[in-house]
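Both of the next two complexes hold chain A, though its partner changes from chain B to chain C.
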Partner chain A sequence: MKSRFSDAMTFAVVLAILIFILAPILVLIFSAFDGGNIFRFPPRTYSLRWFEAAFNHPEYRSSLWISTLLGVIATVIAVSLASLAAFGLVRGRPRYRFAVEVLLLAPLTLPLVVWAIALLSIYAELGMNGTLTGLILAHVTITLPFAARIMIATLNEIDPRLEAAAKSLGATPAQVLRRITLPLARPGLLSSSAIAFLVSFNDVVVTTLIAGAGWITFPVRTFSRLRTEGIDPTTIAIGAMIVAFTLLLILVGQRLFQLSRRF
Partner chain B sequence: MNQTSDIKPHTTAMLVGPAAALMFGVFVLPFLFLLVLSFWSQVPGSLQFDTHFTVLNYARIFGDSYYLGGLWTTLWLSGLVTVICLILAMPLARWIVLRAGPAKGLLIGLSILPLVCGALLPTLGLVNLLSPLGFINGALKSLGLIQSSLPLLGNITGVAIGLVQAFLPLMILPLITTMERLPQDYEKAAMSLGARRLVVWQRIILPLLLPGIVAGSLLVFCASLTAFVTPQVLGQGKVVTFASLAYQQAALVLDWPFASALAIVMLIFLGLAGMLGALVTRKFGKAS
Partner chain C sequence: MTGFPYLRIRSLGKAYRGATALHDFDLDVEQGAFVALLGPSGCGKSTLLQILSGLLEPDRGEIHLAGADITRLPPWRRNIGLVFQNYALFPHLSIRQNVRFGLDMLGIKGKEADARVDEALEMVGLDPALARRPSELSGGQQQRVAIARAIAIRPRLLLLDEPLSNLDAVLRQKVRLELRQLHDRTGITTIMVTHDQAEALATADRVAVMEAGRLLQYEAPQGLYRNPATAFIAGFIGSPAANLLPLVARDNASWILPGGELWQPDAALAPAQNGVAAGAACLMALRPETLALGSLGPGGLPVRIGAIEFTGGDQLVHVEAGEARLTLRLPAGTHVAGPAAWLFPPIQSPLLFDANTGRRLPTPH
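Now for the complex of A and B:
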């Protein structure tokens, strides 16, 4: 019924679509190694000069540092809050479970640019524009839904009878948490931390609106330079490192804790 | 005692409270403020708000062909991107679910890459691929297919390509979720009873996949309608989309009441799209 030919055709179509998704990311990585003064692909001469330039560029260095700091703080807060909430929702089964899930996941479906415009005006009223606190609050808000979604799925998969069994054998609640629940939830915790960090680190939509002059993250700096000066090879070199890091994290995460399973 | 809820209601509330309060305060409340703000105006030459009720912001949007043109372009562009995403995501999702075997997780991981890379970096790669001296034009020329470069950058084609690349994961993920729940026996049963492939698709597969199709389409439409980074970079300032107008007003002109009105108009169109999606699901979803 199904010929080998149509199988091959389907595979070719699927492969083409995958290449389309990945091509821009791979092009960015390869063209960063080009020795020329413009952004080109395929590279003609290989050199690491733009990576050197990137690391010696003080503005880019401070931006990368800010992005990392912000990403780590936002991830820690978002994953902690999301895990506590997911535990409460899954184990406590409150009547308001559905409503709270909708609330926690809302930023995944509602337009962030609309929200950021509102946040910008509110921060201005409160004098919070351009502050680190304001930026952290915003990044926790955009990363929490990803963490909540993964943690709810993770805890749903853990059999509550394992916890009950430990308890009936005399384990204290703290011991149950440390010896049973946390080890079983570890893949979910790692997946949600990885995704939350990447979302925060790479966000440009929200940050470009609310980051003041003091806390310019790497994507925001790139976006503003792009509007004024176009693309320069230093930007490409850093961009390449970031997408390569993102790709690596996804691949390693997939291998070690099936990152995409609960996504 | 209830066998599953082994924590007390007030403990549950304490666990859920902080996250729920944060999302309500920092995410939901701003939307309400936005609505109020859109009926205010800016005191000229300052960042102060004039809190007298006015509909001038909305009158300005719907009375100016510049904004109406931007709105119209954005709407059909988003519709086009949604349809292309659906056409591309369908075979990919189906292949991942039915055929990929052990590579399934890896392929899902790779498909979500544009989602976690942010809006900007993949777009930079696309600038290179699409530019007049870029890879695609170069390849087509060396194959002798075209004489002069195709204009793929600074126009609607480039923006559409960028949006499809960026938002394809939003279509793939819901489709995969729905397809995984779909019992494969139905298809085989219908085929073994002599139904033709087209009929099987029309009568069995599509109605069962409809929730995933509607969810994915809404996500892609919503994301395209409100995207401003991709249109700005790939359109090179020559393609005016509604969200980039709102971004300009909010970040560069600093007329926040007017930016709010533009944002509310976007929300209204998203609401309409959501209602259309619900309508389609109700009409065709349980038809089989």
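Now for the complex of A and C:
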């Protein structure tokens, strides 16, 4: 009897936590379909007018494009660097391995806003403020710790004896990489790419400070509009779309690549 | 190149962070032989296997295979099959793809590759139609796949790293016989690393006993059993291994047992007959299966009977001689009367070792 009671308690607690986490997202999604002129919950009439408005808005469209481009470039660079670093650290087992791992994860431990302000003054010296290169480098830096963490965990799980066995069967190092290491690392590569893209895509703090007027990303534009014009139902619709896109990515990642086990 | 052995290892040396794993190691292996590298863990046998496969580079020395120097050849150009202790099957490939991997690397394709995969799987007693992933197989089946994968490339040398250690006791006996039969059918020169002397004696043509990175003795199993070169080997070979009785020569005719008791053996076992001077300390190897117990008689060693283990056809009788403990293997039906008895070693020249160096003492004539 006691175990049935504690099972029920566990279920209740889990349900409460889930509701707490998901409630704002539900509010956002329902409100996005509201037909009114201002933000309100619960919605009284339903329409797609705010989605239409969001898509027809040229500024939002260009921001979405910038965010996607930036996210893809930063992800490709960060995941490549993270994979090389993980390979060197896990397979090379250098004496300073622990120190490098700590350095790779260091950006996670700093308040981003403090780090971004310092970066801003460095960029000012280098004349890199407001440039795409500067923005990409900043996004690589904030996504790298996540990508590196996943790639180190991924490579740690690949038995080096598999690579040794392949070599003994006649595979050159390039063939070992292509036929053994990469296929086994694929889940890690995909989940670290997904995480890196999401971190880049969702960033407001660093991008606001570094990007200047030329490269306004989707979340930055949404956030600034929110501050200047109050809660605009267009941003609610955009927010709902970002949530839907993010959930989709995570669900796909979770399903196919057991993302949660690696992180 | 006549008179040149198939595999020739000369003055091989390897050190890890200052600790010597292999020291000036020499070994010759004839083509088609089955050699066991036997020794306790950390003796350098696995290091030697890794160097032979090319995964580890030696600090010194040379390896010649079939007349060619392969010391610096990378592993993928050696054509040496390697079966890992944990099998190391590729988890993302099916069983057939695992076996086919080496053939792909050799550029063997299509029907020929299929036929060779079938052949290798049949050779290890697996159904070639088995369409499964490695993780769906039992440990014993995974090992068969690993062996099939290694022999499919028709290697010049097959290396087995502790092939029986991950199997249960019943399967171990079966697989060790199968390994021997597989070797006899394929004729592939095979080197097996093991820490289990019974495994080595049962399967190999020749056994290389290693200790602390050195080769102690390299001989056929029978020779190793009859003529161990050191006390370490005598105390390692046999089931159970030989008893090593510490003795000090009192005079020409008698020994002092540990604890101070005297033993006046048959003349053949006496110090004088074996060239041991009075006062010298040595170890006498007494094989459990050659010893007998009896009531008082000349030449007997006074012992007290301890625990008796029944093992089926035999019984292991543990006795104390002075402060030394000895084990006898007697037929199960033998009546053992305690608590005191006399132990009789066989009347023949005994195996004696220097108590300090462990080296075999020369047998005088």
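Here is the rule we go by: the second predicted complex is superposed on the first by the 260 of 263 C-alpha atoms of A that agree within 3 Å, B and C clash if a C-alpha of one lies under 4 Å from a C-alpha of the other, contacts with A are read in each partner's own complex, and residues count from 1 in each chain.
Convention: contacts are C-beta pairs under 8 Å (C-beta built on N, C-alpha and C of every residue); 3 or more make two chains touch, one makes a residue touch a chain.
Everything quoted here is computed from the prediction, not taken from an experiment.
When the two structures are aligned on the shared chain, A:216 is found in touch with neither chain B nor chain C. When the shared chain is aligned, chain C comes close enough to touch A:172, but chain B does not.
Applying the stated contact rule after C-alpha superposition, one finds that A:180 touches chain C and leaves chain B untouched. When the two structures are aligned on the shared chain, A:243 is found in touch with chain B, with no touch to chain C.
The larger set of touched chain A residues comes from B, when the choice is between chain B and chain C. In the superposition on chain A, contact of A:135 is made with neither chain B nor chain C. In the superposition on chain A, A:164 makes contact with both chain B and chain C.
Contacts of A:74 after superposition: neither chain B nor chain C is touched. The contact surfaces that chain B and chain C form on chain A in the two complexes overlap at residues 164, 167. Contact residues on chain C toward chain A in their complex (touch as defined above): 53-55, 74-82, 84, 86, 88, 90-92, 101-102, 105-106, 149-150, 153. Across the interface of their complex, chain B is touched by residues 1, 10-11, 13-14, 17-18, 20-28, 31, 39-42, 81-82, 84-85, 87-89, 91-94, 100, 103-104, 106-107, 109-122, 124, 137-138, 140-141, 144, 148, 160, 163-164, 167, 195, 198-199, 201-205, 208-209, 219, 222-223, 226-227, 231, 235-236, 239, 242-243, 246-247, 250-251, 253-254, 258-261, 263 of chain A. The touching residues of chain A, counted against chain C in their complex, run 159, 161-162, 164-172, 175, 179-180, 183-184. Touching chain A in their complex are the following residues of chain B: 4-9, 11-16, 18-20, 22-24, 26-31, 33-34, 37, 47, 88, 91-92, 95, 105-114, 116-129, 133-135, 165, 168-169, 173, 191, 218-219, 222-223, 225-229, 232-233, 243, 246-247, 250-251, 256, 259-260, 263, 266-267, 270.
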